[in-house]
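Heads up: the structure comes next, in structure tokens.
Chain IDs A, B, C and D follow the sequence of writing; residue 1 opens each chain.
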Amino acid sequence: MPDEYILRIDCPDETGLVHKITGVLYHNQLNIIRNDEFVDKENGQFFMRTVFSGKTNPDKIMYGLQGILPNTARIYLTAKQVKNVVILVTKEHHCVSDLLIRHAFRELPMNIRAVIGNHQVLEPLAGQFGVPFHYISHEGISRETHEEQLAAVIQTYQPDYLILAKFMRVLTPGFTQRFPNKIINIHHSFLPAFIGANPYRQAYNRGVKIIGATAHFVNDNLDEGPIITQDVTHVNHSQSTAQMAMAGKDVEKLVLAKALKLVLEDRVFIYGNKTIIFE
Amino acid sequence: MPDEYILRIDCPDETGLVHKITGVLYHNQLNIIRNDEFVDKENGQFFMRTVFSGKTNPDKIMYGLQGILPNTARIYLTAKQVKNVVILVTKEHHCVSDLLIRHAFRELPMNIRAVIGNHQVLEPLAGQFGVPFHYISHEGISRETHEEQLAAVIQTYQPDYLILAKFMRVLTPGFTQRFPNKIINIHHSFLPAFIGANPYRQAYNRGVKIIGATAHFVNDNLDEGPIITQDVTHVNHSQSTAQMAMAGKDVEKLVLAKALKLVLEDRVFIYGNKTIIFE
Amino acid sequence: MPDEYILRIDCPDETGLVHKITGVLYHNQLNIIRNDEFVDKENGQFFMRTVFSGKTNPDKIMYGLQGILPNTARIYLTAKQVKNVVILVTKEHHCVSDLLIRHAFRELPMNIRAVIGNHQVLEPLAGQFGVPFHYISHEGISRETHEEQLAAVIQTYQPDYLILAKFMRVLTPGFTQRFPNKIINIHHSFLPAFIGANPYRQAYNRGVKIIGATAHFVNDNLDEGPIITQDVTHVNHSQSTAQMAMAGKDVEKLVLAKALKLVLEDRVFIYGNKTIIFE
Amino acid sequence: MPDEYILRIDCPDETGLVHKITGVLYHNQLNIIRNDEFVDKENGQFFMRTVFSGKTNPDKIMYGLQGILPNTARIYLTAKQVKNVVILVTKEHHCVSDLLIRHAFRELPMNIRAVIGNHQVLEPLAGQFGVPFHYISHEGISRETHEEQLAAVIQTYQPDYLILAKFMRVLTPGFTQRFPNKIINIHHSFLPAFIGANPYRQAYNRGVKIIGATAHFVNDNLDEGPIITQDVTHVNHSQSTAQMAMAGKDVEKLVLAKALKLVLEDRVFIYGNKTIIFE
């Protein structure tokens, strides 16, 4: 069976890009399995994702592509493979539980290298699944020191992605900039939006009829990077704050799992503060 | 065939309320078809909606209920009947079109008495359905004068409800307080929320993956009264601002129609800034 | 804190039922927290679910209710409590995983007493969560003998409900009739419906755009008892049979969890081949 | 502003197809705006949809493409343009109403040339929107004669598509084969599926929790051609057969509108009995 690769390119649009790019593949006897292309007409930006198979030398393909693409093109070429991830948690289990189960049964192309918690409560859960757990408390130390300790442990695992699975700490730009476009967060979201403490309490008080969740990349601002996936569930007046939170958790875990599937399968482009996704 | 009535009661909770209330109906030989009751335990407030049938004198029932309920109880007793509504519009047709069609084929228990526009563009549409259209421009007059003119025309129709079907004017408390709990608005909504001009443009720029709509009562603040219904639709990067707006319109018209169904069937209680709805 | 009870009654409709039933509670100084009532007008059948609190003797309440209700009334009075369940599985993990997680974190009012499999593959998973696993192979024995062995083990746990979490064996009426209205199954469903082997393969071949799941009680016919919950997810041409099956699994596990929540909270009436559910 | 074209190709897969096809466009100085490509690996079939802009002679492009593609390739090249449709109805208004509104406000790229009914009841509605209505009764004539009369009128309008908007007559293969891949039907659908008369009645009796709709092409068998779009809505025990039908109608009209959008924008390939859709 031949190898399978995923190629992602984004660059300023110009006539003939698809022809030239596929020419590089064609002349290397590679077979395109799926190709998606999109041009953001407003900004004149070209996006293309190609899945191809065949025996090849990736360096040779990259060299060929660089020769025909503008200098500003971003080119990502990866073999189809399992990615390494590290998960950060606090006390809530619902997202990390779901990911540990999917990991155990290989339902997502990821290898959970470790779970890190600023509380100890989820250590037994990780242990149940044979995944290393690191307890790194934030108590009694500065935010910067805490982040240094987190980063030191994370570094040892060389993760492709860092997943904030209900990690309830604000991360400083000093931390997030170490992992550009690699941190994925799951955030509750509401219509209308509620900011600050106890959002489900606020949602209950406001009598909202739907609650949702947003999975997104984290750049400088914890709750504001490029959105990957969003979904909602319907609620009503008879649900207490606790019941709304429970309903919200089911959405959060599904939205996070869907976002990870898209990211781990190399389907996502980050462009400015938004994403282009070829599902 | 016997008459059918809808009774809604809300009051501070106390033991025996359901028994006492249904006793009044029982002793008048009335038959309960459906009964929904809910206690907001946090606030100790009791809500009950009863559909009953039988020949009766509503005044006698009201008198009986007042005798057994606390003074602060709010009691609404209405025969099951078609309600009168007046619709306010600006230029967008999608919500008013949908309501005119439903009205023409009697799919909602409402009688559209008139459509009022601050632009003239939808006059032919109303005319097509034989519904009076009043053009009341806001140009060259003060907001208060404009609202006076609107209120004067509305008053002549004695509507049970006033529907803002994409009426793009901010209404002052002076106007809304004339129609307490009677004004229903449809509002685009997003995760995250976008405030200000051109929300679909903002949503496009932010790369949201869902857009939604909220139907709500209007009290003092145009976009903030008790929520009746909400729903969303999924969008993606390939949709332009215009296409997102189009997708949003389909949600808006369905959400508004659902909200009206609930309100017109007397299923909705307003309690503080939220709703209790027995679907 | 007072005890909390759930009362469910269904019987032929007659005038005054709500009044009489709530009278029994009122005269026992019990406080109604929530009451839902529905009359199936076609069949003249009355359904009522009442949540009440207070110190009481359940036998006294039952005696009082029997005195005022018709002989054919079905009355269920249960304290609000955790139910015992036994789960039957074959090889697929997704539903039982989800239930084991919810059990471990007490997200559903159920106690998983045991998991029984006709294959051994999920034994380690149950073990991880400290739940007894019984391997009862169907190989080399008759269907009746296998069911005898299943029933013998199940009996020792005295479960309130038996959950078929992707148990891929047809159960005979001889078995199902031992557990009337106590067996809950999760079934894939499609539009159009596909019968027979490999339904996801059939769905793929037919190019369906949604796939779904149905949780239902099992009476005589494995796939046909009263429906509790249904939901769907969208799929498209780019998904292989395996990917459609994966998407279907996420729906199946959520639909089963929602159905169990409704059943375990005593919200479900079975009436003929359908359910009345007060959510 | 340059012209915009949509090119759809499907043919047996082989290495280099994307490169060769885009080469024809590139050498004609045409600019690709969006390109979607998919290979059905099981059947080794290649599908590609390309939106391109530029001044060109379509015949020249077709000639170029034929030169580089296998003989069995199906090539569709169309300018982006409004399509002509004829709508067939019986008595129910909900789908045709929605289409007439969208047509009136140019929300879909279609021109409704005429509405044809086998009953007269919707004639005033079509008239309201200034669309010709033909009343062609099926009473007292054979099915073949009726279909001859329908076909004769349809022919005069030369429609690109024929829309069955709740046309409640079974069409014979003799009729449908005159319009291959051009007839689009909207069909109620349920889980489980109900065949025969009064499906909403059957759904009510069975206590289903969701009802749906399927838009599909019609080939030989009225309810069985390639599926274009499907969706569902949730229902519950409190809804009567009539209320379930009403809920179903809202789904039907939205599903039909979505399917038409996809078809009219040339996003749909028919392949055997399924569709490949590039949304």
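In the analysis below, a residue touches a chain if its C-beta (ideal position, glycine included) is under 8 Å from a C-beta of that chain, and two chains touch if they have at least 3 such contacts.
Given the structure is predicted, the values throughout are model-derived calculations rather than measurements.
Under the contact definition, subunit A and subunit B share the contacting chains C, D. Contact tally for B-C versus A-C: the pair with more C-beta pairs in contact is B-C.
Farthest from subunit D in terms of Cα centroid separation is C. Separating the CA-averaged centres of subunit A and subunit C is a span of 35 Å.
Looking at subunit A, one finds that residues 34, 38, 41, 238, 279 touch two or more other chains.
The part of subunit C that touches subunit B in the complex is made up of residues 15-20, 22-23, 25-26, 29-39, 41, 48.
Residues of subunit C that touch subunit A in their complex: 34, 93-94, 97-98, 101, 104-105, 107, 125, 128-129, 238, 246, 250, 254, 257, 279.
Listing the residues of subunit D that touch subunit C in their complex gives 38, 40-41, 189-193, 205-210, 212, 214, 226-232, 236-238, 240, 273-277, 279.
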